[in-house]
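Sharing a structure with you now.
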Amino acid sequence: MKLIKGVVPPMVTPLVDNEHLDERGLERLVEHVLAGGVHGLFLLGTTGEAPDLPYEVRRRLVQRTSEIVAGRVPILVGVTDTVFTESLKLAEFAKACGAAGLVAAPPYYFAAGQPELVDYYTRLADRVPLPLYLYNMPSQVKVSIAVQTVVELAKHPNVAGLKDSSGNIGYFNACRYALRNDPDFAILMGPEEAMGEVVLMGADGGVAGGANLFPKTFVDLYDAAVAKDVDRVRELQERVMRVSSLIYGIGHHNSSFVKGVKCALSLMGICSDVLAAPREPFNARDRELVRERLVELGALSAQ
Amino acid sequence: MKLIKGVVPPMVTPLVDNEHLDERGLERLVEHVLAGGVHGLFLLGTTGEAPDLPYEVRRRLVQRTSEIVAGRVPILVGVTDTVFTESLKLAEFAKACGAAGLVAAPPYYFAAGQPELVDYYTRLADRVPLPLYLYNMPSQVKVSIAVQTVVELAKHPNVAGLKDSSGNIGYFNACRYALRNDPDFAILMGPEEAMGEVVLMGADGGVAGGANLFPKTFVDLYDAAVAKDVDRVRELQERVMRVSSLIYGIGHHNSSFVKGVKCALSLMGICSDVLAAPREPFNARDRELVRERLVELGALSAQ
Amino acid sequence: MKLIKGVVPPMVTPLVDNEHLDERGLERLVEHVLAGGVHGLFLLGTTGEAPDLPYEVRRRLVQRTSEIVAGRVPILVGVTDTVFTESLKLAEFAKACGAAGLVAAPPYYFAAGQPELVDYYTRLADRVPLPLYLYNMPSQVKVSIAVQTVVELAKHPNVAGLKDSSGNIGYFNACRYALRNDPDFAILMGPEEAMGEVVLMGADGGVAGGANLFPKTFVDLYDAAVAKDVDRVRELQERVMRVSSLIYGIGHHNSSFVKGVKCALSLMGICSDVLAAPREPFNARDRELVRERLVELGALSAQ
Amino acid sequence: MKLIKGVVPPMVTPLVDNEHLDERGLERLVEHVLAGGVHGLFLLGTTGEAPDLPYEVRRRLVQRTSEIVAGRVPILVGVTDTVFTESLKLAEFAKACGAAGLVAAPPYYFAAGQPELVDYYTRLADRVPLPLYLYNMPSQVKVSIAVQTVVELAKHPNVAGLKDSSGNIGYFNACRYALRNDPDFAILMGPEEAMGEVVLMGADGGVAGGANLFPKTFVDLYDAAVAKDVDRVRELQERVMRVSSLIYGIGHHNSSFVKGVKCALSLMGICSDVLAAPREPFNARDRELVRERLVELGALSAQ
């Protein structure tokens, strides 16, 4: 049986400053997404800026979120790290806090070859105390987990699924096809711009960054797709595309998606837009642009 | 109104040798795909090995195919070239042969910037005598036609659509969303591994290489998607994935997709597997593998 | 014995318009570089915009240049093409015009694997009537000719050398080391920013684009390097870097090097700055910048 | 005045297992390179597998090496990290241990834009208690520090130089040219395959991984280059190329350089070949190959 299905927001990490969680913001954010009906939370992914967060902040985030969620939905914790023992330590900590599963992208300094990836994930899955999800994220880690590598790793009893953020639809569908008969292996789509259609085709769900902002939209979309209601999927997917085109394209760098989501959350009164050092939030001009577009989306009143 | 919708196979170019068409093979191939019900043909794309074909062969292909098709379906002709005047000359020739439209990827030696792409396509669209489709193919030409560039070019009265072979589903959906209200601009998916789902979501069709082999499968898939029959789409898409996983993964180089399709067509008795120089067909071992898999797919009898 | 050593400018192609050579400009350009003492000319390379030129213009360029040079220095002709037979035809034509050698980068649409490159160059070297130089240009053709591939091809009696434009110094030195005992195989550096040092270390010369503008500087640099006069090499290389930093950095796209060189030649009264379609010359603002910098370099008077 | 010039080996990190230094090996390694006359040591770079080492191991390495070196040569410590505060903590620790300088590559998960790099290095240089070297390593961190960014950062009083491991000779020479008049800014070449020639041209030295194995060869090479003895540079550079071609090409993955150096050091009786988890040392077959080649190089007796 699959551990998790549905909409699992990759949570942003609300910060007061580089070393401290915005704990009130975190509380509001968790309640906001749970109110939207999401099926689980994914902490410490790319949207969560995990690799750039001090370890103490990562642990505090896992602990506090677990306390706030209090078992209402399962929590997945990202343990991606270049240091193998740090992944193990965080995995143990996550288990102690009550997390349901772990997620790991390949180590991201030395680019691993496919046999090295098999070896890496096997060792990790052998030692961590919770089910492990593979996290395919080639744009950040320079390598893609090949379809054959996914297939081989899926045989490991502690490998529970794949989160694919490549955006490569041929790859995603090849993984899904190859593992279509595995009743325990979940395949989740990263980019929210494709969540609707892949669930319609049988995928298990999506790790949609925009669900930080509009969780209900994504839950409705997932439900419509599971119900094979094509018209409703089209309609909701159009709303997702509208958010994507209005909010994520502001700013110029690799991290502008995160900046956009945090800025919008801040404008919506949910949490701070402070980013992990050394990144800065949007400047006043970009922030004003986000505000205007949230008004356009009906997520803020025009004042 | 959109010039073309549905399944448009990017036709392989049957060859006797590097300088001569396999004309009997071409005839069989055209009849094979037309019998499958395809909605148009696309000549001289990547699957057609266009950039590597002698110009005389390109012209002969356009002429002979037009004669064979004799107006039964519209024909699109690829005019991608690094030499601007060669694109224009082939466009005129295509028009004279009765083609319905043209397709052009960006010039592929100097990597163009986005303003250069706007300029390039504007000039081309200004001068060619048939509607022009943009062909996004970053893996071969090193640049992607940005969403904003597509949007800008879509305003040109002679730009008729986009064929996207990037495989990047976020990009594809962003283009489709941006141009959702343009009644004349068609958006076609390149990778066949995603054709079903994007048509279900409202895309106009697919340029599926596998439709050279199994045209009816793709036409059925398209029809099911247009009818919003999700179960049937899933079922047929699964067959597409099966072909993809069995036939296209043989061989190691950038051109192995073309080699696989031509080898299969040759084994199915349709046309020769000769490739444009200096590429060689599959060796005996790989050919035998393709044969076994075609038997497995039910496309050949076991003998 | 090596066919060619020293400074071999990759000649720009002076154009009146996209379909016609600027023949007077060509004459002035050839005399300009010959007056500087260059050891050979390389026609129809990247700087020559070869892949974008109509075939008739390519042939006319080879013919006219041969007539102008009249045997004073050897001429190398680029035959890079995606169409194998076009490479062969141009090679025959070059031979008929009296060229000394040929240069070919890998085919640039389908990215060839290393075994395919061995095969490609072997076939080409077998059939062309003049010595063939390998042209490593990964930024444009997407693949690098691996060191082992170069070593294998160097055994072919008709493969005469390597022009490496990768800018990867480890690769260049590995090729040179691997072939250090081959008395017939020439290794030429593409980027002029490194010509001095590699000749000092024993390389055979450079294909320096800037030698279109300042041929004597490069010849002096080559001579100083051959004479192992380190101080003089440093001094001249510094001038090369100055030109590079002032002229080539203007403009934003992949072709801005060519634009800069053509613009400077036009300002120096040598030839037209028309580019192969669909590229445009620098606009007035960029042209003024080039003018100012040529004054700064002492190549134009301030007026 | 430049803080450091000459040969600065990027030290491998000898390990007993993933969590413990091979302290006896470290001692032998340090004495081995100091006996060769190197001008400084660089700890915790790519060759040192820094991003993959547990933090405790990093600190222990800095402390023990400082004790062993005991001021005989300056020590540079790599503080590259995705977590800003970890860079700061290690910088303080390095200072306390008596290190002379720090080295940092860009954060390597989110790819920074150039303005972000200016911001990042400015903040880092503002806060660390020792001179900071920029470390350009695009193959691992996905971004190159642009020439203009280097020039801008060089103005910061606490930025002391650049280690360029890009292998892009045009980039290296452009940086050196741009900063030729800065008496305090050192420019060091990463790839050892080019150290000789760039020092001949005026660069400040090299961070040559092979100096772990053959420190005296690199010191002799550096001295010959400083003395402008071209023939001697050629001769020694040829030995460097021989080592490079024999030892570094074994193995297939991104980390095979490190594996090759550690394997050779182990065979030479200097230190263990254990790698940071989850990487494995060469298998018996590759190890035997390294042994044979060390014999061929005269670094091991044939037994």
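Things worth noting here:
First chain written, first letter: the chains are A, B, C and D, and each begins at residue 1.
Everything below uses one rule, namely that a contact is a pair of C-beta atoms (placed from the backbone, for glycine too) under 8 Å apart; a residue touches a chain by one contact, two chains touch by 3 or more.
Remember, it's a predicted structure, so these values are computed and weren't measured experimentally.
Chain centres here are Cα means. That of chain A falls 49 Å from that of chain C. Rounded to whole angstrom, the centroid-to-centroid distance between chain C and chain D, based on C-alpha atoms, equals 35 Å.
Listed for chain A are no residues, as none touches two or more other chains. A ring topology is adopted by the chain contact network, closed into one cycle in which each chain touches exactly two others.
Chains touching one another form the pairs A-B, A-D, B-C, C-D.
If you check the complex, the residues on chain B that touch chain A are 167-174, 177-178, 180, 191, 193-194, 196-198, 200-202, 228, 230-231, 233-234, 237-238, 241-242, 244-245. Every residue of chain D that touches chain A in the complex is listed here, in rising order: 18-19, 46, 49, 51-55, 82-86, 107-113, 116, 119-120, 123-124, 140-142, 252-255, 276-280.
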